[in-house]
């Protein structure tokens, strides 16, 4: 039986669609009519979801939204993964937004910090990806969602191509709660290569006058990898990958992990590690993985998103990548994050700042960035029950108590002790603890990865095994021991360091069998982007900013 | 950057001042000068630029063609090079076609002329800066400048804009370092210009004298040291020569 | 596919060590002499013991050579008073001793911080280079990095008998950023790296004949490239300059209206632009020849 | 610019080295050059002269140099550094490279 309440919500949706009337032909709207359609389908007080993560953006719809004024659109509760476009900032400047819940604000980090200072950025909370997607099903269910797809057919079915990303995570909660789904597409075709979102879940479609914005976020030019990063990569390979036999993993987007990927077919091969480590990946199609894939290291790769230029390569390597029936690449951000949370031995990534307790953050007073997905992976999943070799070994080292799980995910921070411009990575206290930031976030300090979750820190000085530390004081000493010549590192005591080293909690490069003089870029499988293209047999098409030939 | 503005006096007036009535033998086409004139009753070949023009591939070729013609048809005739150019043409197609090679070719032609007994004298008449000065004028046996000429790498304001060093700092330093200063006189202190000719000078007589005194021996480092504007260059060059001889 | 460090990634000293016969390099005015720029010191800019150029003599394949390598990362490899005087002295020594002189170029031109001194030094070095050429002493410029040969050093490089380039090397006078400022982004987008390299990179220079050899980006290939020219010289004769005049006129006529570098590639015999773009060194040379 | 000079206790250098001096690194953004020479005084210390374009990191410099002098027998050497903002890890790396070069000569 239909209750009054649910009927009311469905009724409301019907009214909104009726208001659009002849502005649309069926589901299809022409670009010029989009602002007016948006004005008619969005009501004050709505939870409005704008699709956009760190790669893919429904930028045409966002830009059209930003042409409206407060008289058209007000009291909006905005929910979205990534605030990355100038159009997003515009909505705040115009005072349309009564609350925002989001994950990440990379390129607009400075603008967001300014809006916070001007009290024009009413934050509910900063989330991790899956945390926000989860809330779409609980208390932040969108009334209207503006999404992006590669193609639509005449019925409104959608094809998402390589960048499925978060579209399903937005569409499902919206469509199944009588919300309105409005999609921008690059093209409208008679027949889709495959259907990713059924027309049944789509209310409006516009063919945008320009293709959706796609950021080449994971392309790392091997030419920019330094000898020091090669050294750290060698140390990590020996001291962590080899030691724990890490089979399933996630890599961050930094040059440190790019160096590791490019060392696998050379240094890794020499160590006899092929087939023993790095077989199953939850990672975007990183161009720097091409040599390892071509050398037969990799069994499978599942991704949260695509990467510009990797389309032909991933389609050709469908034995490694997840692909649709049509052969083209498939990604899924929510599922990828879930996989990264539960099903991998190790998460390894970099951070801008790490404090003396191992907490890390990318937030500073003048730049509020947020989290994205790293905390979903860089944490201990206490809901995990299945064992792997690495998980058990790391668990045993951590000496679990009677009320703890027997295993541990390896959560590794890999950083140089100084960032560019001699800014120290290691600090006594994170910038994120600034009172004004905490106040804006309702008392929460925006920590990316908590020190308690971190098992290892790798720097150019060596490895600190935090999981093996038995006290807070010991953990702090271990961090100081690898913090180099930063103010945090200068406070280390020689005897303490020697003691930790004797117990294997602190390991210098030579302790894991790496001679720093060996560390050289010549060990990389290739030293430039062109080499990656060659490794791919011409299937990789790097974005133009990386092409100098 | 500003487009070049034609400077006064006019190109014709400058030519008349240098060569008197014989200046009519010099053609001006697209701000490139080629022709013949007389100095103290003797024939000279003239190549050059005027109006502060930018030198492109075509201009370089026309200058080179005239030098080749002079070598072939007027053996040992001195070549007078007049410089009033703001620089090389900053253009993508010019670069794609190898503007540097066009300049290298012009220099080769001048080198051939020198080897075949043509004296090479430069007079900087207007702007004589950057690549435009390097591509022919600075390659002469002896280089002179009118005191109204703008000679040097670039004015301090431009230097400051590129190096991000505040202009007052550069101004102050230029008092003790003439190489930072812009103009014919400081350039002469470095040895880059043999002599600066003033408005009162009889430049035709000066030019005749210059031809008489010409020598293919590059004396700029010696001059720079003697005049105190470039104190290190000569000694370092000598040191290289001495140590390499051991 | 792995093992060697690319030539363009080496430091100036490493480049010299990698192309000279083992242990044969003797540095002139070496770092312990501490001949550093008083200009930079007064401006509060770090100085370097070699002032951005390493010079000396060495042997390549047993043949004695004078050898110089500019240090690109140091103020853009730009020529100041000391740097320039070292360079002039070396070419003069080469002329005096009739020993080939090889310059591994990496310079944006004149060092602005030292004003006109560097400009005069470049002019003096040009004179010294032509002294060598008159004596049939080979002068060879190696251009193998993205800093390449620009400004006055671009012009100077074209004064040498021969130029050995790699695809990474760039040769020109005005850099892309300057031209973009001047002509606008539409005419020259300096961020379009493919266009920048097709405008000034080694491949285009080789096709047009401004580079005499295009070699792989390795020390061995560069050494071989240099060796090819050590016994040769390119005379500055009337026949030679007349032929060059004709060639440059023809080039201007043929491509002066071209805006797309691909037109130059096509015009110079490259049939498959995409394959040629990916090819390097001798592979590229072969593809270009095949098309002719 | 910041300049300082200090000697750090170090075991004496081996009596034979391949060359009297060695230079590692280049002066460039985020990099430095290290000139290592025999003939520093006394034989039980490494004599260091540093010129850096980024002032305010003396403590880190001193610690990095002291550690090097502690780990390597470099007594009787003179270290002169021209720095353009290199991170400490490069200081150690260049010192090590210059030291290897001094002892063993060209690679």
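For clarity, chains are labelled A, B, C and D in written order, and residue numbers in each chain start from 1.
Keep in mind that, in the parts below, a contact is a pair of C-beta atoms (placed from the backbone, for glycine too) under 8 Å apart; a residue touches a chain by one contact, two chains touch by 3 or more.
Everything quoted here is computed from the prediction, not taken from an experiment.
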Farthest-lying chain, centroid of Cα atoms versus that of chain C: A
Contact pairs, highest-scoring chain pair: B-C
Per-chain CA centroid nearest to the all-protein CA mean: C
Whole-Å separation of chain centres (CA-atom averages), chain C against chain D: 33
Chain centre separation in whole Å, for chain B relative to chain A (CA means): 60
Whole-Å gap between the CA centroids of chain A and chain C: 44
Chain centre separation in whole Å, for chain D relative to chain A (CA means): 42
Complete list of chain pairs which touch one another: A-C, A-D, B-C, C-D
Of chain C, residues touching chain D in the complex: 11-13, 17, 22-23, 30-32, 34, 44-49, 71-74
Chain A-touching residues of chain C, taken from the complex the two chains share: 1-6, 9, 146, 167, 191-194, 196-197, 201, 277-278, 280
Chain B partner contacts - residues on chain C that touch it in the complex: 28-29, 35, 38-39, 42-43, 55, 57, 66, 81-82, 84-86, 88-90, 92-93, 96-97, 110, 112-124, 126-128, 130, 133-134, 149, 151-152, 154-155, 157-159, 171-174, 176, 178-179, 181-183, 187-188, 198-200, 204-205, 208, 210, 236-238, 240-242, 244-245, 248-249, 251-252, 255-256, 258-259, 261, 264
Residue ranges of chain A in contact with chain D within the complex: 227-228, 416-418, 420-422, 460-461, 484-487, 490, 516-517
In the complex with chain C, residue positions of chain B that touch it: 1, 57-58, 61, 64-65, 68, 71-72, 88, 90-93, 95-105, 107-109, 111-112, 115, 130-131, 133-135, 138-139, 151-154, 159, 162-163, 165, 169, 173-174, 177, 179-182, 186-187, 190-192, 218, 220-221, 224, 230, 232-241, 243-245
